[in-house]
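First subunit A sits with subunit B, and in the next complex the same chain sits with subunit C.
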Partner chain A sequence: MNEKMKKEPLVHIIKRADIPQWKSWVIRIGAGVIGLLLCAGFSCIFSKDFGGFFAELFNGAFGTERRIWMLFQNIAILLGIAIALTPAFKMHFWNIGAEGQTLVGCLAGAACVFYWGGEIPEGALLVLMLVCSMIASVIWAVIPAIFKALFNTNETLFTLMMNYVAAALVSLCISIWVTSGSGVLGILNFGHLPKIMNQQYFLNIIIVVLITLFMFFYLRYSKHGYEISVVGESTNTAKYIGIYVKKVIIRTMIVSGLFCGIMGWILVAGTNFTVYADIVGGRGFTAILVSWLAHFNPFGMILTAFLVVFMQQGAAQVNTVYQLGPSAFENIIVGIFLLCIIACEFFINYQVKFRVKNKNATPEKKEKKTTESAEREEKA
Partner chain B sequence: MFLTFLHNAINFSTVFLFGSTGETLTEKSGHLNLGIPGTMCVGALGGVVGEYLYIKSLSDVSEMTYGGAVIVPIIFALLFAGFMGLLYSIMTVTLRCNQNVTGLTITTFGVGLANFIGSSIDNSYFSVASNKFFNKGFVSGTDLNWFETLFLSYGTLVYLAIALAIIAAVVLKKTRVGLSLRAVGENPATADATGINVIAYKYAFTIIGSAIAGLGGLFYIMGYVGGSWQYAIDAFGWLAVALVIFSVWKPDLGIIGAIVFGALYIVPNYINVGTKSYIKEIINMLPFLVTILVLIVTSLINKRETQPPASLGLSYFREER
Partner chain C sequence: MKKPVAIELKNITKTFGEVVANKNVNLTVYRGEILSVLGENGCGKTTLMNMISGIYFPDEGEIFVNGEPVMIRSPKDAFAYKIGMIHQHFKLVDVFTAADNIILGEKMPVYSVTEETKKIKEKMEKELADVSDEKKKKIQAKYLAKIGALPFIKLGKAFKFGHLTKNRAKVLQQIADQYGFEIDLSKKIYDMSVSEKQTVEIIKVLYRGADILILDEPTAVLTPQEIKKLFDVLRKMRESGKSIIIITHKLNEVMEISDRVAVLRKGEHIATVETKKTNEKELTEMMVGKKIDLNIERPEPVDPKPRLEIKNLTIMNKEGGKAVDDVSFVINGGEILGIAGISGNGQKELLEGIAGLQKTESGDIIFHNPKKNKPVTFFHKTLKQIKEMAKQGFFHYPDGKKVDLTGMKKKEIEKLVNEEQILFYEDEIIDLKHKTPLEIRELGIKLSFVPEDRLNMGLVGNMSIVDNMLLKSYRKGKSIFVNRKKPKILADEIIDELEVVTPSDMTPVRKLSGGNVQKVLVGREISSSPKVLMAAYPVRGLDINSSYLIYNLLNQQKQKNVAVIFVGEDLDVLMALCDRILVICSGRVSGIVEGKKAKKEELGLLMTKTEE
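Let's look at the complex of A and B:
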């Protein structure tokens, strides 16, 4: 063996068997702080005001009562879609089609208002909208699931394509409904969810809280939830203990679709009162991040959804105050922040060991060094 | 009429072809880079920045040369988009982050960055660079015969896209590098055992793929729309991802696929839809529907050559059992 072969590599990556809870949180918070600093640094290039970034970030989210309501509303929508995606993800079914599934829910709800609004009582209309939204979303979600279950069709690509079919479908319906050719369906006058305490968004938030609670118990304490996690861990194990995997895949996507439908209904009946191709506004994609970052834990998603919406709304405020330019600015800030948070998962799952010259160094000391170097590397 | 239609379809297909050739190379290394739409935007941004810097460095616009007006933006686009590929590789290869999540975030970031900066760049004289250099074919004029129109009248990037697609196809199919790359995408552990440097392959082809995809964004801005910043690039990015599936991971088939997609995109301008504007929407839906169909059919046939790379989307960790 020559000298080169014998040389130990400089960095050695080891998969962690376990990590103490507090340590993983230190890493996450560290990543969040680094992310915030990078965002502030980026915005500083244009605004020339480093400290002001943090003040306006906070101001944008909590500055006025209206902003706080907007914050909670946006968290609710994002959280709801993330919750809808979670059972599929837990099953390791990469459903990146929440955008489209929610969108067809919106479309079905709006179609009910368009055809029956004013002709049937408001209450009945709302129920009809809910049912139609759910059916539409379930159809959209179950098609890829059936093909995945029967023919093992790649679900990531399939659901991704379904998003754009849905968007085109919405444009198609609007071009049929709106005869003027403007391509914009105005505010619909019927099928509005009631205001509670004079707040339009209050009911939406309550519904999402209920969904979150339901999903937590469904995943943790029901037989379905157990089957989902077994299929997610290993389909062979699932088959061995007598779980019918195909059925679980299809059933779980139906559940996923049902909740996407509810979110579509909330968007149409409780938020926008109309439908357009961009109504979900990329939240179907952001929800994937929200769900994944929380490790598919519904309560954890409250935190991750808050973080994302907080950054979005805060960055929008920074943009307005300093007049930086197009609204694309928010995307940059959210992107930088999320990249940091995603990258930090590596340091939770893996341990980086540097080649230590002194072979007798105590393992504990090495461990400490690892976390520090991890933080440093992340910065780079 | 049909000739101009075909000409424009081939011209427009370049946007998709760059994107899909790049994405195919990346996917062959086992990485589903959903950051491609963002990367294409950043590529366009790079091109625009390069063009801006070049024009600024001139004392007079009439001094503009082919080398400066076309090559400089291309290099910038390659560098900018390549940087996004590097970012994605660091996240997914070294840090082993989830590919879907990373890709989507890269797209968010890239689209934001490109639109934020790209829309505020001074683009005066860009149209000159676009007309005189980017879209300059071997022959030009109005009285071209069919052969000249179809084959000789495109700008540089169109030929470059087709050349790159053919090169990529040959490399993948006929060379040792291509064989190793496919091995990495199919089963990295086996590839590693045979002595292939898996990490290097993954890095190299993700970065090369991203850089190539970035040229698609550049072509759209500087070639197709003539230099004014547009917000639509990410939509084409998703179509490019679809095209990879449509062409069943074969860059040479991608050329034909891209022309089909290009034709579908421009066909509403050529048919008189009149009051039936919904026909246009149906046509917009077609590329995605056809892609889904291809996806289903290939999974039904279940032939090995038409399947996605086996380890697509999975991170590789050598010490995992």
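Let's look at the complex of A and C:
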């Protein structure tokens, strides 16, 4: 038996049974601060200005009135897509196809404008756009759901592949619509959502707030929401109490698709007024993260969506001010920050205990050391 | 004669957050003995053993193996000290054969030619130091030959390992036979019964050279015959000098197999006594901390009338074989029908078939709904059905007159039904074959199923007790929102009446101990006043107190004229509790015996009865 074997392990990793709410928030906020410091450190390598990073970060998000509106608009879009995804995730249906589902919603909306714009009244056009967007998105969402329900097809791959089909479909449509050869569909002149208080994005934000409220109550207090949780947790139990699992899967994906459609509609009618293959811009994937980080709680998602968008916008500003080149810099900054936020979940679920040195110490000393190590761990 | 100490625990303490799992536990295990660790659920038996086997690390205290202080930081360390644990939940790869599972992780032994050469050279030089020249050459030649042979030896070892890998089933079979295990190691795990899987786990531990074996509730899943076999094997191991620790709360087994018994209560070590010098009563008292009545009541059945008729029922399993084969029996209201059998012989499929969760191949399940002189409701019947049944003369008015609905308006009929004016003449007879699980549940046929994984069917682990109560009632009412008021009342009632230990009614069920999970499940099913209650292994893994509570609950249901089907594994309990015992073997009924007259041997024989 060698000496090494006799030592207590340096760190214990213990699964926490329960953690007080405040403690988990201390850890989360701590992780956020560490993330920001790391980001600042990273940008400091290029800009040689540590403090300036923070200034520009806030400047980028809150600097001007327009930026604040952009911030809220971007939060609204990201949050909306995350909300749309959430019922499926809660059902443990790993839908990573929000990108495509939203995109076909956009396409259907744009198609309405393209073919009927100017021919029918603006109000009717908007409603038509909404309906078409919702139908298109529902179709996109429900196809994998049907396959999952009937043939138990893997939904992750299926929904992912549907994204590419959607993108290709958009490119195809644009190549048909745009005959000039530029390959870009310009700003459409019809089907714009009305401005409120002279702000184009205000209505978008209101709609997303309503969606968020609806989803919160839908998931928490409705029978559908309850069924979704049961199916997600245990299909056997669901069958036992008489839930038709297939029906719930399909119904939930229809709900998810409906909201993706609304988001596609908002993107076309309230934000970009056109359609292109990258209009969703990866937010269908970022939304997954937003939803997960908030533990599928719609109100939590407001916070996580804010964090993501805040970092994106702030990092872009830092990038511009210090002329750090391509957008890769922004992505790295956002990546570092999010990594810290995600990693801190480990410390919420597990407790890391360090070895107590000097085993022969008096009990009082020992106790003191453990509290010290606990404190150290909290700081970490 | 004092045996050498194999392992000793001194002042072991382990806490999880605020919960003290073990507190200053002292325990000694000698070589060549079987020690039982006895205690109620959640008293820290498993935690203590997990610390020996390296899954947890003690907060305080020391462990000595063979008299030396050791630090067991991981299962790997435990293995280095020749400690092996057989867990309650088997850790096997399903798609591998038993042999593959046993040698899993085994590496080809490292054999470095250069190092071996060095060693041989050193040895040679030692020998050469004081020898004459003539002899030197001879010795040198001898050693050179040895060095030269090294690559071949290496090759040979590789071959041997290759041979072992190829013939692992055979080689391991020898080990198995040596201890008297009856098992085919070339079988795939998913084809194996629970007892076979357990055997594989034991062989795995033995193969890795364990001297100290820890078995966590090994008998919980076995039949009497299998238990006997297991005990024979354990005795053989004891004879070969191994130390065996068994975690259990079955007293009769403790008395039968162990040399000494260590009793734990609420994380503390109460005493270690020699089995010969104690008795079951004393042990129970030590375990529970108070006196307990160990008799199970069997009230006489009241007004037994057929409630459920199973006729020539056949159910296929997933592989296309017959899981339930031409089974027929009748269960009466007000009696407890026990189902005995080796686990995996169709009990699960039979119950699931009755509950509508399994597709039945052929046969009928006829339910006699005790509706005689009870009002008809719109609960399962549409207006049209009621009209049709009235035509056929099923109903009478409270004054005894036959109901005639011809020419009546919809509203009038609805009024009559709602005022409970239309009564059944006789019990309603319903064929369950074409009903959905939901309809069957609502007819009052409740399944309180406890499969291997408690949380797999019936409960949702991540949901609170309240939400689990909600499972059965959330559909009621037209509102699109769920109402948690009544489930909360029910949850509190169950917590109160069945003494469920839980921080609150909002605690996720998965955080409760096994016995408490069970109470929640059974409590919920009973609360809806069932007409048929099916309970499969409802006391599996439960401590004495909780088990008796469950028996009492079943008896209460019986006295309420419920037909109770009780699938059990402890024959003593079956014989004490049930009015009749149906024995099932390979999906067929091999006999139905009266509980009072049943003999254990007879039941055991029926359980293994093969086709004549």
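Basically, the second predicted complex is superposed on the first by the 338 of 380 C-alpha atoms of A that agree within 3 Å, B and C clash if a C-alpha of one lies under 4 Å from a C-alpha of the other, contacts with A are read in each partner's own complex, and residues count from 1 in each chain.
Just so it is clear, a contact is a pair of C-beta atoms (placed from the backbone, for glycine too) under 8 Å apart; a residue touches a chain by one contact, two chains touch by 3 or more.
Note that the structure is a prediction, hence the values are computed from the model and not measured.
Visitor: In the overlay, answer first, second, both or neither for which of subunit B and subunit C A:L157 touches.
Guide: Touch status of A:L157: first partner only.
Visitor: Can A:W25 be said to touch subunit B (first), subunit C (second), both, or neither?
Guide: Touch partners of A:W25: none, neither subunit B nor subunit C.
Visitor: Tell me which partner A:N331 touches in the superposition: subunit B (first), subunit C (second), both or neither.
Guide: first
Visitor: May I ask you to decide whether A:F50 touches subunit B, subunit C, both, or neither, giving the answer as first, second, both or neither?
Guide: A:F50 sits against neither subunit B nor subunit C.
Visitor: Just checking: does A:F354 make contact with subunit B only, subunit C only, both, or neither of them? Give me first, second, both or neither.
Guide: neither
Visitor: Is A:E345 touching anything from subunit B or subunit C once the two structures are fitted on A? First, second, both or neither.
Guide: Only subunit B; A:E345 stays clear of subunit C.
Visitor: Have a look and say if subunit B or subunit C is in touch with more residues of subunit A.
Guide: B
Visitor: Using the superposition described at the top, list the residues of subunit A that contact subunit B and also contact subunit C.
Guide: Touching subunit B and subunit C on subunit A: residues 14.
Visitor: Which residues of subunit B touch subunit A in the complex?
Guide: 32, 34, 87, 91, 95-98, 100-102, 104-116, 119-120, 238, 241-242, 245, 275, 277-278, 280-282, 284-285, 288-289, 291-292, 295-296, 299-300, 302, 308, 312-313, 317, 319-320
Visitor: Tell me, which parts of subunit C touch subunit A in their complex?
Guide: Listed in rising order, the residues of subunit C that touch subunit A are 16-17, 19, 57, 68-71, 73, 77, 80, 355, 357, 436-439, 441, 447, 449, 455-463, 467, 470-472, 474-475, 479-482, 511.
Visitor: Once bound in the complex, which stretches of subunit A touch subunit B?
Guide: 13-15, 94, 96, 147, 151-154, 156-158, 160-162, 164-165, 168-169, 171-172, 175-176, 181, 183, 282, 285-286, 288-289, 292-293, 324-326, 328-336, 338-339, 342-343, 345-346, 349-350
Visitor: Touching residues of subunit A toward subunit C in the complex: what are they?
Guide: So the residues of subunit A in touch with subunit C come to 1, 5-9, 12, 14, 16-18, 217, 221-226, 229-230, 233-234, 236-237, 239-242.
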